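Here come two complexes built around subunit A, the first alongside subunit B, the second alongside subunit C.
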Partner chain A sequence: MSGWYVFGVADAGLAVELEGLRLVRAGQLAAVVAPVDPDEFTEEQLNDRPWLEEKVLAHEDVLSRYLREGPVVPLRFGAIYRQLDEVVELLGERRDELTEDLERVRGRVELGVKGWVDRGRLEETLARKRAMSPTSAPGRAYLERRQAERDVAAEASALLADVARSVHARLAELAVAAVANRPQPPELTGRAEQMFLNTAYLVPAADEALRREVGTLDEQHRELGLSFETTGPWPPYNFVGREEP
Partner chain B sequence: MRSSVAERPRLEEQLTLLELVDRVLNKGVVVTGDITLSVAGVDLVYVGLRVLLASASTLDRLAQEPKAKAAA
Partner chain C sequence: MSDLTYQRHGGPAPAQLADVLERVLDKGIVIAGDIQINLLDIELLTVKLRLLVASADKAKEMGIDWWENDPFLSGRDGRHRLEERIKRLEEKL
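== the complex of A and B ==
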């Protein structure tokens, strides 16, 4: 059984057929496809990590190569059609939406920003700032210390929420569009620091302003135990698709 | 940036992979193909997370190794 895997949609006027790939054209749109064995794409396979890694990397690789030549609208992983005619139909049925997406991302790329916190260091810093006063009675001192710890933890959480909000707002000013995603849990990141900001920005392709600003923010917050980093440029995964699924 | 498959991925590459999986599986335009993995009753979001969680022990191990680049 044969099938066609659809990676994304490019500008028919700019895109060329790269090695191992085909373009399915309909008006201004060109779907980037490759022949696949649909039987290989099963739910079980999704739990096979090396397989998933390979396919996910291939998906990204194809989109990145097309991104160099012109705008590209990424499709979500795993869209497979039996017939090329059906891909033509897809482009026809979703033409307005796909064209809108294509124009929105033209000449632009996605940058990812992550904010990390060394929670222990942040709380230490906050505790120092409070300049906890020593008390005489040992019993009271203990209770006060416990209370202070709780206060510091709450203060740290509030500060992180504030910083996340203000950093996102600041960076959004430098971007055409901005998206805040949920921070990834430590089980996934495998990092000692906790992720407290996970955002994406659509910026002009050659524009370094946002990356520079992230560097500045990183320096400004380091003393508190916070750090920021930029990833990408990515194909604009976060800035296509009409509705948030 | 990408290691050969034979090489053991470093933490940084693991994080890049996580970024990638997060985007490729969870973002992008959703279409209904003849075969669309997400409509088969399994949400890709959770599939991706489950696969990555399964490898969390690898990540833990890598995280404890001295990092090649100084983390901020």
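== the complex of A and C ==
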């Protein structure tokens, strides 16, 4: 059994067939495809993490290589057709939408920004800043201390939300489009710090302004135990597709 | 045939695996392919990933659900509003 895995859609005038890949052309659009055995994509396999990671990384790698040649519209993982003719049909049926996306991302890339917090350090800093007044009776001291800890934790959460909001608003000013995603949990990041900001921005390909600003924001927030980093350039995964129903 | 196993050409660092999973499995255009790997399977997978990627409750617990109740910021609707706002700001300048 054979089939064709579709990675994404590129500009037919700019894209070339890279090793192991084929282009299916229809007008201005070129779908990037590779031969695949669809039977391999069983539910069991899909839930096998190492297998899935390998396929997902390959998907990303192909799109990133095409990003160097010109605009590319990423497809979500797992689009497989039996016949190349069906890929041509896909390009025809969704031509307007794909063309619109291709033009929107032309000459632009996606940058990811993540904000991290060392929660312990943040709360320590906030507790110090509070300069707690000396307590009275020994019995009350314990309760007051507990209350103060709760207050500090709430203050830390409020501060993180404020910082996340203002950083995102600031970075969005430097971007063509911006999107805020849910922060990833430690199970996925494998880091000791907690992620509190996970955003993506569509920016002109050679524009370093956003990356520089992230560096500045990072320096400004270090003292509080917060840090920011930029990832990418990525294919514009977060900036294609019409509104979901 | 397993042509999806390419030689990778300087792809993302391993630390970025989570970012790649999030993007490739959860973003990008959705089309209905016509093979065994139908949308149901993908949904299964995506649901699992979403659970891993973070439950809303957990985020709330950690006090980092700032984007959830903020239509201005959250999701695709937020993106468009943000674009509109930027456009308005640009017009003012």
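Operating definition for what follows: the second predicted complex is superposed on the first by the 243 of 245 C-alpha atoms of A that agree within 3 Å, B and C clash if a C-alpha of one lies under 4 Å from a C-alpha of the other, contacts with A are read in each partner's own complex, and residues count from 1 in each chain.
Methods note: a contact is a pair of C-beta atoms (placed from the backbone, for glycine too) under 8 Å apart; a residue touches a chain by one contact, two chains touch by 3 or more.
On a predicted model such as this, the values are computed, not experimentally measured, just so you know.
Enquirer: After the subunit A overlay, clash or fit between subunit B and subunit C?
Expert: Superposition check on subunit A flags a clash between subunit B and subunit C.
Enquirer: Looking at A:75 after the superposition, I want to know if it touches subunit B, subunit C, both of them or none. Which is it: first, second, both, neither?
Expert: both
Enquirer: Quick check on the superposed pair: does A:47 touch subunit B, subunit C, both, or neither? Answer first, second, both or neither.
Expert: both
Enquirer: Given the touch rule stated above, what does A:165 touch, subunit B (first), subunit C (second), both, or neither?
Expert: second
Enquirer: Could you look at A:60 and tell me whether it touches subunit B, subunit C, both or neither (first, second, both, neither)?
Expert: A:60 sits against subunit B and subunit C alike.
Enquirer: If you tally the residues of subunit A touched by each partner, is the higher count for subunit B or for subunit C?
Expert: Greater contact footprint in residues on subunit A: C.
Enquirer: Report for A:3: first if it touches subunit B alone, second if subunit C alone, otherwise both or neither.
Expert: Both partners.
Enquirer: Kindly list the residues of subunit A that each of subunit B and subunit C touches, one partner per complex.
Expert: Residues 3, 6, 8-9, 38, 41, 43, 46-47, 52-53, 56-57, 59-60, 73-82, 86, 90, 94, 97-98, 101, 112, 181, 184, 187-190, 231, 234, 237-238, 240-241 of subunit A touch both subunit B and subunit C.
Enquirer: Tell me, which parts of subunit C touch subunit A in their complex?
Expert: On the subunit C side, the touching residues are 1-6, 8-9, 11-12, 16-31, 33-37, 41-42, 44-45, 48, 52-54, 56, 58-59, 62-64, 66-68, 70, 73-79, 82-83, 86, 89.
Enquirer: Could you list, by residue number, the parts of subunit A that touch subunit B in their complex?
Expert: Result: residues 3, 6, 8-9, 38, 41, 43, 46-50, 52-53, 56-57, 59-60, 73-82, 86, 90, 94, 97-98, 101, 112, 116, 181, 184, 187-193, 218, 222, 227, 229, 231, 234, 237-238, 240-241, 245 of subunit A touch subunit B.
Enquirer: Which residues of subunit A touch subunit C in the complex?
Expert: Interface residues on the subunit A side: 2-3, 5-6, 8-9, 19-20, 34-43, 46-47, 52-62, 64-65, 73-82, 86, 90, 94, 97-98, 101, 112, 153-154, 156-158, 160-161, 164-165, 168, 172-173, 176-185, 187-190, 194-196, 231, 234, 237-241, 243-244.
Enquirer: Taking the complex as given, what residues does subunit B use to touch subunit A?
Expert: So the residues of subunit B touching subunit A come out as 2, 5, 11, 14-31, 33-38, 40-42, 44, 47-56, 58-60, 62-63, 71-72.
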